[in-house]
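Here's the structure we're looking at; comments come further down.
Residue numbering begins at 1 within each chain, and the chains themselves are lettered A, B, C and D in the order written.
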Amino acid sequence: MMQGAVVLTISCPDRTGLVAGVTSYLAVQGLFIDETHQFGDPETGRFFMRTVFHPSEGQWNDEAFAAGFAPIAQRFECTWDARPLARRPRAIVMVSKYDHCLVDLIYRVRTGGLPMNIAAVISNDTALKKLVEAEGIPFIHQPVDPACKADAEAVMFDALERERAEFVILARYMQILTPEACQRLAGRCINIHHSFLPGFRGANPYAQAHARGVKLIGATAHYVSEELDDGPIIEQLVERVDHAATVTDMIHLGEDLEALALARAVKAHIERRVFVNGSKTVVLR
Amino acid sequence: MMQGAVVLTISCPDRTGLVAGVTSYLAVQGLFIDETHQFGDPETGRFFMRTVFHPSEGQWNDEAFAAGFAPIAQRFECTWDARPLARRPRAIVMVSKYDHCLVDLIYRVRTGGLPMNIAAVISNDTALKKLVEAEGIPFIHQPVDPACKADAEAVMFDALERERAEFVILARYMQILTPEACQRLAGRCINIHHSFLPGFRGANPYAQAHARGVKLIGATAHYVSEELDDGPIIEQLVERVDHAATVTDMIHLGEDLEALALARAVKAHIERRVFVNGSKTVVLR
Amino acid sequence: MMQGAVVLTISCPDRTGLVAGVTSYLAVQGLFIDETHQFGDPETGRFFMRTVFHPSEGQWNDEAFAAGFAPIAQRFECTWDARPLARRPRAIVMVSKYDHCLVDLIYRVRTGGLPMNIAAVISNDTALKKLVEAEGIPFIHQPVDPACKADAEAVMFDALERERAEFVILARYMQILTPEACQRLAGRCINIHHSFLPGFRGANPYAQAHARGVKLIGATAHYVSEELDDGPIIEQLVERVDHAATVTDMIHLGEDLEALALARAVKAHIERRVFVNGSKTVVLR
Amino acid sequence: MMQGAVVLTISCPDRTGLVAGVTSYLAVQGLFIDETHQFGDPETGRFFMRTVFHPSEGQWNDEAFAAGFAPIAQRFECTWDARPLARRPRAIVMVSKYDHCLVDLIYRVRTGGLPMNIAAVISNDTALKKLVEAEGIPFIHQPVDPACKADAEAVMFDALERERAEFVILARYMQILTPEACQRLAGRCINIHHSFLPGFRGANPYAQAHARGVKLIGATAHYVSEELDDGPIIEQLVERVDHAATVTDMIHLGEDLEALALARAVKAHIERRVFVNGSKTVVLR
């Protein structure tokens, strides 16, 4: 990717002339297109487009682009966003006791594999406090009382705002968000579920998988929705197991799948490749 | 595999001295062990063992082995079977209209990839009659009246007996067997379901997969049981799909998975690697 | 894919305004874009684009489009092609004795999985004559004398022209083409090699794989080039093996990989997704 | 796995009565077999066996078992080893600048995924000193002068002896060991090479892979041998890439493969599943 590249994402009703309208504007502005991918869903009639272009040195200006692009966006009824790829988004990570996904995320952020910042980690447990603070990341301990979950969630929403964070990662967070929180976080809250959905929703999926005798176990990264483990799927991975695998073996093997599926989903999200399309996603490569 | 190799399979309650008891008997008889695999399930307390050995030239005799092995079998309360690997088992294949699994099975039987014989093909449709008869395989057209399925199934059981066939393959057979038939065929009737079970049981799994927006589709080969799509799983395969895949794309892609998963399950079955262990299987490699 | 869809492919030097120039022309003509994918290679400076669009009913005309598109093509120095997806290309398939890839191709052509026609099968052996003719496909037996390979190749080139075939598939053809033939067929002759290239080039790759003790075997579909097993790779697949796998086991397992890798490469080729980019390919999804 | 389980591994010339001889001894001693796997290689005539059994509580004694088993071992000319699975082996890890494999190993050791201890980390660089010492692991900085590698290797052999470490892990160690060191470490020094061997041996395999245009990249964990990147392979993994993947993308993607392939090879090694069989391995599951 060129230094200074900008990513433009568009979602709108599909119609003739869309790609031409958008790319012609870029051409007129002298913006060189590195890559463009688009998808028109014949079922929903929605059009999704991701374009990476680069301006001449020093040329990029959010307001100037927005002003110039406004007529195009209005003409095609677009929801759109344009931002330099180098601008790292900020995330709040929610965890409980398990550290494998968190450790993996932190490593990838540190080494550049995930170009983002972890603004804070919030947990209903203190088990991971030391690990998080050793990385210089603020750790917020917020117990969750089932009777008043909204109070705990208020802490998360406060942190999102205060830290100017854009999205939330549930890195094996063992609490279910309220429907209200799910709605407010639609399309910007990524959960990792430790099964190959829609198989084994809910609690203890590896125990369920072991009881059913499946020959492959999986992990699913998805945006949360009001319905538990039913949100738009971003990424899924599987691994082979056999009759000798105990629940504990599956848990260990699954940790690798969970961390990797979550990391890939987060990477696609921050590279702005993922679009919510009803109850599904479009992931443009 | 040595020419003349014999496969011995054992299932019994687990206890100390089992492997020694069995292998000592083989050693005393001068039978050279090519491979042995065993598994003791700590949950069910059952022990499963598969041994391939070869006798000296011309030495094998079913009755002689059975007589000699009887005391061992009795001592350990074994269900057991011993047979030359070269003795090809016979199968009845049930189909409806789709031919991809059947064509694949026939090809593998012809080229030796599946060392078995197809004794007959039974179908509730005539679509595949010509294809089957061109291979010199008897084709039995048996329509299925939902009101009296047992009559149609009687034809299948008659064919099994008449053809001295040992097992049944449901190669995308679009009918549900009666509970009675499932019971009679326990552990010897392999079905291919076109999803990654337990996800998308029942009808039109690819349409279900498309609606859910999964990123991997799958196929599952399993022994039939009274509960639909819930029998012991033998093999599962998956393939990656993306948002652009239509139901038709998934169906085409899935055909490869179905044929391959079924072929591998059948191969494991006829090589006598598969043991039913409650609602699950043990597959000894 | 819409009935009546047309696929436009473009290859040219990369520059600003390309996507806009092409899509604007389509928009002005009232052509609705179904999908567009492009790739600009920063190393070679080449730009590759594949667009699927559909005209209004009855509107498509090769000559009219060519005339209208000529100025665009000239301006951007494009190599280009536009054709209805429903227009099935014709292929010559070359084989020797092994039938698994050929049987697979024929099945996919018959069932629509591969929207193409097999114009003729040419072989240096007669082993597959009966199989081919039973499908109503012309079979040409052309022995290959190492001393005068060009004569045998002349038969292939004659068949290509006579049958108006566009490309050649080497479906486990056990002969090496002359450098001259490779050059003439550049980018339109797909070979399947039974290893994961660049490992195990040349003869008996499964024996090589067995001797080396690899834990995965593979198959590679590629365009032929003058250098043996070194042409631009289109598709690769692998499968797990273990220490117990004999060369024969690998050959059997590999047949599935070879047939599938070849089928996927041929499908991508006839859907016009594959572009030769120096010694590599660009495969636009 | 039962608490207190013992793993017995045997390697010897294959012959009739071997499995019986060994398992009968265990039976007579009242040792309950959890699992047994064996493999006889018809090419080398070697037999390999891995048995996990558990003694009655408190019963295990190395010397007593050795004394009792000696006649069996002598009779069958066995190389053998028996040890409690709970006895964690100690390893020396060699690194240079890259930390992804080391970080992964440390995490798995800490969480129990790899039941072993890292006795020390030796590096020709100081880049990872802080990371290692923060874990409480001794870090030895030993620069390598190409003219006298043996001196640096002496430090490694000293550390092995002093720390009573059994094996060595080259976790992306960027130095080539001398032939003498490779010989002394035969079967107990695991290297991770960042390609799918035998493709892309030597330096910069991702750059080689990018230049060749492969569609899958890989990683190979193997025992080192005198011939570079040619030792017995333990584990291999691959991941899909496309034309758009840069060398940097491949390096990032490859890090996951390398860490996972190495971790699986080390796990198999410390569970004593891996046997060297000439230039190959037998890995008993």
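Criterion: contacts are C-beta pairs under 8 Å (C-beta built on N, C-alpha and C of every residue); 3 or more make two chains touch, one makes a residue touch a chain.
Computed from a prediction, not measured in an experiment: that's the story for all the values here.
Looking at C-D alongside A-D, one finds more C-beta pairs in contact between the chains of C-D.
At the far end from chain A, in terms of centres built from Cα atoms, lies B. Averaged C-alpha coordinates put the centre of chain A at 36 Å from the centre of chain D.
In whole angstrom, the spacing between the mean C-alpha positions of chain C and chain D is 42.
Counting partners per residue, chain B has 35, 39, 242, 244, 285 as the residues that reach two or more other chains.
Contact residues on chain A toward chain D in their complex (touch as defined above): 35, 99-100, 103, 107, 111, 113, 242, 244, 252, 255-256, 260, 285.
Within the complex formed with chain A, the residues of chain B that make contact are 39, 41, 196-200, 211-216, 218, 232-236, 238, 242-244, 277, 279-283, 285.
Interface residues of chain B facing chain D in the complex, by the touch rule stated above, are 2, 15-21, 23-24, 26-28, 30-40, 285.
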